[in-house]
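The structure under discussion is supplied below as structure tokens; questions concerning it will follow.
Lettered A, B, C, D and E in written order, each chain numbered from 1.
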Amino acid sequence: MHIPIDHILVFTSILFLIGLYGALSRRNAVGILISIEIMLNAVNVNFIAFSRSFASSPESGQIFVMFAIVLAAATAAVGLAIVLNIYRNQKTIYTDEIHLLKW
Amino acid sequence: MVTQAILIPLLPLISFTMIIFFGKKLGTKSALIAIAASVGSCLLSASVVLPVILNHGTALHASLTWLMINGKPIEFGILVDPLSSVMLFVVTFVGSLIVIYSVGYMHNDPRFSRFFAYLSLFLFSMLGLVLSSTLVQMYFFWELVGLCSYFLIGFWFEKYEAAQAGRKAFITNRIGDVGFFLGIALFFYTTGTIRFIDITPEFMHPYANTAVLTFATILLFCGAIGKSAQVPLHVWLPDAMEGPTPVSALIHAATMVVAGVFMVARLWPVLETFPNASQTIAVVGTTTAFLGAFFAITQFDIKKVLAYSTISQLGFMITALGVGGMGAGTFHLMTHAFFKALLFLGAGSIIHGTGTQDMREMGGLRKAMPNTFWPLCIATIAIAGVPPLSGFWSKDEILTSAYLGNHRVIFWILMITAMMTSFYMFRLLFLTFAGKTRGHIHAHESPAVMTLPLAVLAIGSVLIGLPGSPFMGHWFQHFLEPHAAVHMDTFVMIMSVASATIGFIIAFICYFVKTDLPQHLAGQFWMFYDASRNKLWFDEIYNSTFIHAFKWISRISFRFDSNVIDRTVNEIGRKTVLTSRIKRWIDQYIVDGLVNFVGFSAQVSSGLLRMIQTGFVQNYLLFMVVGLLVMLLVAVK
Amino acid sequence: MLNTIDQIFIKAKQIILDILSPFLPEWMMILISIFIVIVTLCVFGPVVMMYLTLLERKFIGRMQNRYGPNRCGIFGLLQPLSDGIKMFTKEDIVPQKADPFAHFLGPITVIIPSLLVFSVIPFGRNMIPSDLSIGILFFFAVASTSTLWIFTAAWGSRNKFSLLGGMRAVAQMVSYEIPMLLSIVPALLVVGSFSTVAIVNAQEGLQWFVFTPWGLVGFILFFLTGVAEVNRCPFDLPEGESEIIAGFHTEYSGMKFALFYMAEYMNAFSVSALVTTVYLGGWQGPILPSWLWFFAKTFVLISIMMWFRGTFPRMRVDQLMGFAWRGLLPLAFINLLAAALWVHLSFPLNDILSFCILTVSVLMIYVANRKVAPKKRIYKYAYE
Amino acid sequence: MTLFQFLATTAFYAAMLGILIAAALCVTVRNLFHSAVFLAFTLIGIAMLYFFLQAEFIAAMQILLYVGAIMTLIVFAVMLTSRMGNPAVPQSFKNKKIVFLPLGLVGFILISAILKTPWETSEPQTAVNAVTLGKALMNQYVFPFEVVSLVLLVALIGAIVIARSE
Amino acid sequence: MYGLGVLKGLWVTIKNFTLSYFTRKRLTTVQYPEERITLSEHARTFPILVYDESPDKLRCVACEICAKECPPKCISIVRAQDEAGKPLKQPKFFDIDYSVCMNCGICEEVCPFDSIYMDRQFELSAYERSEEFLYTKDRLAKSAEYFSKIRPETAKKVEEKRKAKEK
């Protein structure tokens, strides 16, 4: 099953842009984090797509993706913890309401 | 032997410290300590003097080096030779008698124990001076003695005159001491040694006629002038009468004032090698003697009279040393110590009894104070120079040495002085004891503790003359100068007896027969009377000249200081203020200006940048995307 | 003969295919063969679920000195049928405030993983729906998603009790997932590959992993975590009837509740199936046909689960968590260590050594936990 | 092309399409919880993609980690900040239209660049199964492996400290 | 030991399970509709009124003590009046709402005239909740014989007491 790679690339860039749109347009911090997850996944797909045609060490792409997933998990954890903290202190997680360094 | 010698001065020192620390607790018992100390040192000195006497003047000497100046040692030590043994005997014997006497005299004085502390301190320093083996050590005790005299003269310091007198005495002494110190320095510098045992005629011979040494001896003599109240610096002694009478007796009769004479006697070999130095000393001595007597004649204060008589007697001693009669001078020193102390103590008991010092209020005290009258009478006879008593022998010795040394002028002046001496002494006797009591005083006899020393001293002044008299073969002079020729001159003896009797007769006429004669004479010889009465205006002269000049100099320097120096300092201050104001201006407008400018520019630029920090997370993301876009555009093109 | 019985199902499939092959195009045949397997699984799943419910009710009834259901059918055999009918006929109420999308999504997404999981379980010799090279990992991946779907169900029904149940379920599954994974790793370590077939093959004859020291501990660990993962009995806090009505599926009724119910039992079945494949040697067995062995072992395990349900009271939340984090997790780590040692060393020594390590560690963990006195509960709102 | 491959490619493209739709929905839908669920679907779709790209281990990892762990996190976050989730409040900015401009431009440039460049489509190598991955992880990439574990630990502690309620 | 409790529990349940197949009497449940458990003497469900000779001569004198004492207040009594309006010593209406009654038995205890007692009839299903469960006077009335049949001892005691009172 041979999928031409540029199809995948187009797909991932679109997915990436969707994620970007989400990050840009959403008011809710958790929404932003979700969109960021989408962007990350788009990149991972790219990795896997390319890793197949990479001669010397085919598995490097996959290892990259693994590390990417793990790190995404770490960032999500810390990001959400921060969002939680902001919510607890400011009772709001709308980014346009949290634009002052003080409250 | 050496320890006993050291102990002699130490005992009074110990009593001084005891009294100083425990005086308040001891109260009257402090007198006991002082007496014990003086009597103890008297016995010790006896034990030390006896061997010296027995084996013919062999000196006991021990010393330890205090510090080294370019190799030459300066020592502290003990020297007991015939001269110092005489002084030891005089000081300790007379000192202890006076201490006993002053117990009675200072009976109800609030600072009773402090007086005895000062007395023991004085005894310590006097004994130290006498026993010192080098000039520096002597100078050290010389200063101490001056200090004690200041304490004792100014004992009743609440009285203004006493304080002034103490200060005056101390300053005049200090002037003399300066000369003394310079002399020591010069002497040390030239001869290299200041130890008395080194100063022997043979040692001095090589320096025979060096000008520096003559000048040094004169300077040394200045110390004696200051201390023994010779003419230029004698003014402090009459004022020193402000102190209590035992003080006058001890210090201004028996001991301190003779320190000068002792020092000159100590430097006798030096004087022998420098005839012109001894010449000047003789001249000074005779003038002091004559003037002392001249002033004493017209005084009415009993203690003033005695003070001036002391000055004239000191003059006698100094002239004796000046004309080469070291033995005669020292002999007169000893005898004078006895009867002058007796005179002072007598005057003290009179004052104690009558309460006043002015002879014009006294008179007719013979019956009231018999125990005081007889010793005083003996003393007057002794000092006048009537043959059997000690005064005659010692004065006669001086006169013969002056006569033999064919110092003609000096001989005649001394003779006149002797006459005047006997006149004013008998005047004193008659004014106080003969006739009726002029003032409204009721005299009462002094207690036994005062009259007993008087009696002892009376006996002493009678017997003390014998050792030096021909009956004992001039033993005293030979004791002092083993190989000096001593022989009496009949003409001199006759002349001295004559002068004594003439003085007696004049006094008898003036004050016993025709009591108004003195006024009459005073009226006629008003010039002489006024001169004598006002002590030749020495004080006034000094005040108007030295003191006035000194005050002027200090005023000038004060004005100089306040105007010139202060003004310059203020000027400097003002200048710094000016420069600092300029600096402040620079700092404010230039440096701060720059800094503010930097701040201002930072603010402006940050104002611009702030627009970007909207705080909306999405905006930042948008900026990123735009950045990405730009990069892509660039990459694609 | 035995082999034929053993391979009876495969042969049946082959027969069907042979019947149909002349009529249909070639590519259709492949589809059909796959389709047959899928159909059997989809039928097999619910049927197993139904009869498991009956089995459970009878088993527990007997334990409580009473009969199980014996009204419908001879020994109550038709009871699951009646339950099913009841489920279908019951009205499916959707709470007014509930989030329709999530509420609807809940049961569907819960049932999918439990079905997917069957594709990896080797029911008999070469009777495995799809032999994936990452069999076990696939199983766990799919099983772990169920956490999310349970939560969507709980959240969708907008009800405090369901939310509480959902939270408990998530917490429990997350904290038991790690020991479960770790308890499997020793077996993978020994076998060297993820695929379940390889694992079963590695347990030739009677060399079941359970008889090795680390295998025993691993088996117990895996079984306990499996029970927890499936939210059954001692660990059935998410549906704690006594406290929070029915936990996350409170607001579900009718068919949706049936789906949840089925998912629960299918999960139970699949977990015990996996335990058998990994530790009890799957379909390895002396005489009887492979699939019979497999079902026997699975049935034994399920009955143990039911046995648990009959005896144990529900664990308190903090005990549950404590048990996982302080008890099973360290044991799993040590078990991994022991297994590694076991693999590395030669025969006599490795058994002894790993046995000692494991017993010591079990005792230590037991002692360490015993000391923990229950903390005095701080009541935020109740006042002394 | 065999049926199987045909099936596979169609399934692949269908998956891609499905993912895009799910992602679009996830990003635009008002209710945060629904967007989280759609995110889950996109993630599972991407896992399927990995299956098609013969990366089973990564697919399983994706499901296990992303859907199992990260989704739980996100869902919890959504739940804890639930009060903000009510759809009445507009979930996206008013002026979200202007965002399309830069995005469109970037997309246009990207895609045009992708389509223009001649990707030399080499034959896919041997499939990478878990064993080779494990070996690579343990030999060549052991250092990143350890560092990642450290990062995870730090993130864990950080998250706990931040989110802990006194 | 901490773990032993678990094993003991398991042992108990498995023992029950196995033995339940061997000894019948372990199984405490009965097949209800077919077999029934004899109710004990003091079983009580809903209250009934007892009458001696005929249903309309109830022992109840409408003193309304039971109505006052009833916790859920499910008894409602209206005293009968003769034509002139003088209240008589018997109830005109006596309704008990069975759906509200909580079978506590307090009315039985407080009734001074031994007229109200707890029946043991529990299979009272009805098609409709509110009306049918409101038992009126005639549905409540039960003969003394029925009462002595269902509760022999208490009936005997009540009879002796009534005889004593009559003498």
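Just so it is clear, a residue touches a chain if its C-beta (ideal position, glycine included) is under 8 Å from a C-beta of that chain, and two chains touch if they have at least 3 such contacts.
Computed from a predicted structure; not experimentally measured.
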Original post:
Which chains, if any, touch chain A and chain C both?
Top reply: D
Original post:
Two chains share more C-beta contact pairs than any other pair here; which two are they?
Top reply: A-D
**OP:** Please indicate which chain is farthest from chain E, where distance is taken between mean Cα coordinates of the chains.
**Re:** B
Original post:
Which chain is the middle one, judged by CA centres?
Top reply: A
Original post:
Taking mean CA positions as centres, which chain lies farthest from chain C?
Top reply: B
**OP:** Quick one: report the Å distance separating chain A from chain E, using the average Cα coordinate of each chain.
**Re:** 71
**OP:** Could you tell me the distance, in whole angstrom, between the mean C-alpha positions of chain C and chain E?
**Re:** 50
Subject >> Distance from chain D to chain C - Cα centre to Cα centre, in angstrom >> reply: 28
Subject >> Centre distance in Å when chain A and chain B are each reduced to the mean of their C-alpha atoms >> reply: 112
Original post:
Can you list the chain A residues in contact with two or more other chains?
Top reply: 20, 24-25, 96
Original post:
When you check chain C against every other chain, which residues touch at least two of them?
Top reply: none
Subject >> Where chain B touches two or more other chains, by residue >> reply: 618, 622, 625
Original post:
What are all the chain pairs that meet the touch criterion?
Top reply: A-B, A-D, B-D, C-D, C-E
Original post:
Mind pulling up the chain A residues that touch chain D in the complex?
Top reply: 1-11, 13-15, 17-22, 24-28, 30-31, 33-35, 37-38, 41, 44-45, 48-49, 51-55, 57-60, 62-63, 65-67, 69-78, 80-85, 87-88, 92-94, 96
**OP:** Show which residues of chain D lie in contact with chain C when the two form their complex.
**Re:** 2-4, 31, 33-34, 37, 40, 44, 47, 56-57, 59-61, 63-64, 67-69, 71-72, 75-76, 79, 129-131
Original post:
Given the complex with chain B, which residues does chain A contribute to the contact?
Top reply: 20, 23-25, 29, 32, 95-96, 98-101
Subject >> Partner chain B, residues of chain D touching it in the complex >> reply: 93, 99, 102-103, 105-106, 109-110, 113
Original post:
Which chain C residues qualify as touching chain D in the complex?
Top reply: 26-27, 30-31, 99, 101-102, 105, 132-134, 137-138, 140-142, 144-145, 147-148, 151-152, 155, 163, 170, 174, 177, 192-194
